[in-house]
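Take a look at the structures listed below.
Next come two complexes, and both contain chain A; in the first it sits with chain B, in the second with chain C.
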Partner chain A sequence: MNGRVLTIAGRIWLGAILVFLYAPILIMALMSFNASPFYQLPFEFSTRWYQALGANAEIREAALRSVLIALVTTTIATVLGTAASIALFRYEFPGKRALRILLFPPIAIPWLITGTAMLIFFFGIGMGRGTPAVIIGHVALALPYVIVVVSARLATFDATLEDAARALGAGPWMVTRRVTLPWIAPGIIAGALFAFAVSFDQFVVSYFLSEPGDATLPVLIYTAIRKGFTPEINAVSTIIIVVSMLVMLIAARYSKFGGER
Partner chain B sequence: MAEVRVEHVTKTFGDFRALDDVTMDFPDGGFFGLLGPSGSGKTTLLRAIAGFLFLDAGRIRIGADWVEDVPVEKREIGMMFQSYALFPNMTVADNVGFGLRVRRVGAAEERRRIGEALDLVRLGDFGDRKPHQLSGGQRQRVALARAIVTNPRVLLLDEPLSALDKALRVDMQIELKRIQREIGITTIFVTHDQEEALALSDKIGILKDGRMIQAGPPREVYRNPIDIFAAEFLGEANILRRPGGTLPSSGVIHLPVTATDASALAVRPENMTLSATEPVAEGLSKMSGILAQRVFSGALGICLVERDGTVVKVIARDEDIPDIAEGDTVWISWKPEHTIVIPGG
Partner chain C sequence: MSAALAPRDRLRLLGLLTPAYLWLTVAIFLPLSAMLFFSLLSDVPFGDAPWHVTADNYLAFFQTTTYAKLLWKSIKLGLMVTLACVLVGYPCAYVLAKTIRGRAREALFLLVILPFWSNSLVRIFSWAIVLRGNGVLEVGLNAILPFEVDVNLMFSTPAIVIGLVHSYLPYVILTSYLALQAIDDSLIDAGRSMGAGKLTILRRIVLPLSLPGLVAGAVLVFVPVVGSFMEPRILGGRVGTYYGTVIEDQFVAVFNWPLGAALSFILLAVVLLILAVASPVLRRAQA
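Showing the complex of A and B:
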């Protein structure tokens, strides 16, 4: 009887959490399909805001730029992060523990602070704002995620397999390619998807580092809201959410946050 | 195939001396057991021969080549690991063929040699399986096939049988010996199981604290241990006298001519005989004590006899042990030639 009450309470609690998490998103997604520009009810299904999006060259360009930046960021962060994870796994060197610990705080430091610091830094070295600065900033943000996910997968890897491959005559590169990489591939895919999500959803750092002419999609949305809200923003936001959630779902499936497949 | 020579090899990890001036010869085609307690350096020595660590001092020769500066992948060795280390994402055939693919022998040659190696370990039909579909014994055979398929100059085995249960282990010992004879490869293996070392090896080396304390044919080392540690580590030994000590007072013990005050004296439990009364035969060494415990273990009986505060262990065929009860006074006797003189003490 007591247990039943708890079960029911638990379900209500879980439901409340889901409502809390998803209600605003759902309403926004619904409104992006509502014909009225002023959120008037009754709901009248329409794809006019999505059509308007297609006609909006500014948004299209920003979306394309965001995707390109995310792809470049993902490539660089995944390659660097995987290499770093393997090095951290395979070699003992002075300061290894310190380095491992230093890799975590960037995840916790508020992006506002990171963004400010990067802006100051890029001006300090004479590089200034622009797409290259945005990419470097995104790589710096995404790298710890890749390292964490790939390292978690590597923790389940039996290093004796590398010894066995070497004893059979395989040099370091072949050991990595034929034995280590196949094992950690799910972790690399998950890490890459995380990196893509971090970059594609990034607002603060992008806002600080991008030039007014070449904003990324989140930056453009922010600027657009300041000028006045239109349901087009609902439409583009809905697209971003669907893409991001898909990426995260695939990442979670591949990594299970680092465990077995 | 090749002989192996390890010369004055020293390796330290921080303050820990894992190998301390170790020298040993492994003649061509022999089967060699390295044994010692954990931390004695036996696995370190095997990994040094394989090339997984840099030496602090000393040299290692495989065949005609000094290899201490040659990386593992260029040493032409075969190695089998305690965990077998089969590649989980590859089939049995791909595991066995890994070393052949690295050497680019060609597809036809590769298939032929994989087939031969799998036939040799009696797993001819298992090429398409994945490692997780095999039993422990089968995995072990795959690991062995993979290690020998490249015709290495020396085969290194790290605790090859320790993950198997006892019955399977004995089968695999016989199998391992058969395969080693068949291909005539110089084989060095590490074990902490002294019976396994005695059963398989043409020559054994006993390590302790990073030092090679004794090496030689198993029977020789068993009969003439260099010190008390070797005597007690390889088989069991009743120590009659430690260096500088005195012999048991009651009884008659004939001293071997080679015994000095600095040497220890010992007798193997299986060389002792128990009797209820004092043996009358001439020339036997003998002493008396109280039977503390008698254990029946099937074919053999184990008796613990207490005397002068020490316990002497006697092992005999159970039917050869007289009808005596715990607490009785009994006599232990042995032939004088079974008294082992341990020179190093």
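Showing the complex of A and C:
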């Protein structure tokens, strides 16, 4: 009897947390379809804010810039990260532990610190702020995620397959391309999607590194919120949330971060 | 560095590793060094203004109580948010890992950590819509309750805490879930068969074995919250001045970069201290 009560209480607790996590997002999405510019109730359906969005060149350009930066970041981080993961998997060498530990600072140090440090450094070497600086920063933040995800997939790879291919006369490049890469492909795809999400959602580092007229979407939204809310921001925020959740749902299909069943 | 490898393998190893680690060096480690250097300067070394090496920026932290007070305010905020995330998230992870099975568990777990991968700025903004006076929460509560309530949480400390818990709760659930899932059910069965009650099992078996995951989650919440500035700005308004917002101001408003760099480095020291304190427990997780 006692057990049943506890089980039901647990389910309710879980349900309450899901409501807490999703309610504000759903309310924001709903309000982006509300005609009133001051979020007045009762609710009156309208797509005027989405239409206004289409007419807003500043937001459109920022959105395009964010997507482009995310795609470039994804490409670079995935290639470099996969190469590093294979090296860390295939070879035994001194200093390997240290190299793995070096992956943590980009994740563990608050972005406020890394972001301002990048700003100082890029000014110091004369490059300054702007899209190239943003991309360099984003790749560094995304790399550890790619390496961790691809390495996790590599851990399930049977290294004797590589030995077998080698014994059959395949060169190192052939082994990588025909044996290793096909096996870790789901890990690479998941890592790439993680990299996309890290870049597309990144606010802090972009905020310090982007030029005022050259903002990414999150930076533009932050500036707009501080000037005063408009439902237009709701509309663009709703689109962003939908895009990043879709990307992660696809990523989840390729990498089981839920552990074994 | 790789004495045991054949020369050709050593070349391949370097070719595969160098691009990634060179990138991290240029984008993370050199900037951190540059910031350390900047924090010791009297003025930015651009342009014609004279500058010299000084410890003034660090002394500034100790000369007035302003910065120390703000740092303490940020640490308190971090402790509050971490405690809330642990109290809410750990039971949730337990329910997921130990009472739900199969595909339902996988789907629910995904649902819980999915918001974490969506834009944090947008999620903070969504709370602003919910919490503001005459907002959805107030109108909704007044529609249900028989009496009038006045809930304008916007621009208050509770608003900041709610927003930050919403942002970082999935971390604690994720790490605790993974640790709880790894506990062999037969250990719990063995405890029960020997007459241990639910509380004893929790206290003597489940909690100790999942502690590394719980601590990892707590650290992953505490560290970014101490350095947060966007959340207090949006949800805190005038009460939203924290250590992080002061650092932000040095870089985007006041343009005192050397002071900003020194304040950042003091924050980094606090972060490293926290990691060092937590590391004995965390190391157990790897073993």
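Keep this in mind: the second predicted complex is superposed on the first by the 257 of 261 C-alpha atoms of A that agree within 3 Å, B and C clash if a C-alpha of one lies under 4 Å from a C-alpha of the other, contacts with A are read in each partner's own complex, and residues count from 1 in each chain.
To be clear about the criterion, a contact is a pair of C-beta atoms (placed from the backbone, for glycine too) under 8 Å apart; a residue touches a chain by one contact, two chains touch by 3 or more.
Computed from a predicted model, the values in this text were never measured in an experiment.
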Combined model on chain A where chain B meets chain C, clash or fit: fit
Which superposed partner A:Ile221 touches (first chain B, second chain C, both, neither): second
First (chain B), second (chain C), both or neither touched by A:Ala98: neither
Greater chain A contact set [chain C / chain B]: C
Which superposed partner A:Pro24 touches (first chain B, second chain C, both, neither): second
Touched partner set for A:Ala57, first chain B, second chain C, both or neither: neither
Which superposed partner A:Leu14 touches (first chain B, second chain C, both, neither): second
Partner chain in contact with A:Ile240 - chain B first, chain C second, else both or neither: second
Contacts of A:Val5 with chain B and chain C, given as first, second, both or neither: neither
Chain C versus chain B - closest C-alpha approach in the superposed model, Å: 7
Chain A-facing residues of chain B, complex: 50, 52, 71-74, 76-79, 81, 83, 85-89, 98-99, 102-103, 146-147, 150, 156
List of chain A residues in touch with chain B within their complex: 158, 160-161, 163-171, 174, 178-179, 182-183
List of chain C residues in touch with chain A within their complex: 1-5, 9, 12-13, 15-17, 19-21, 23-24, 26-32, 34-35, 38, 45-46, 88-89, 91-92, 94-96, 99, 102, 105-106, 108-115, 117-123, 125-130, 132, 135-136, 139, 166, 169-170, 174, 177-178, 181-182, 198, 223-224, 226-230, 233-234, 244, 247-248, 251-252, 257, 260-261, 264, 267-268, 271, 275
Complex contacts: residues of chain A adjacent to chain C: 6-7, 10-11, 13-14, 17-18, 20-25, 27-28, 31, 39, 41, 76, 80-81, 83-84, 86-88, 91-95, 99, 102-103, 105-106, 108-114, 116-124, 136-137, 139-140, 143, 147, 172, 197, 200-201, 203-204, 207-208, 218, 221-222, 225-226, 229, 233-234, 237, 240-241, 244-245, 247-249, 251-252, 257-259, 261
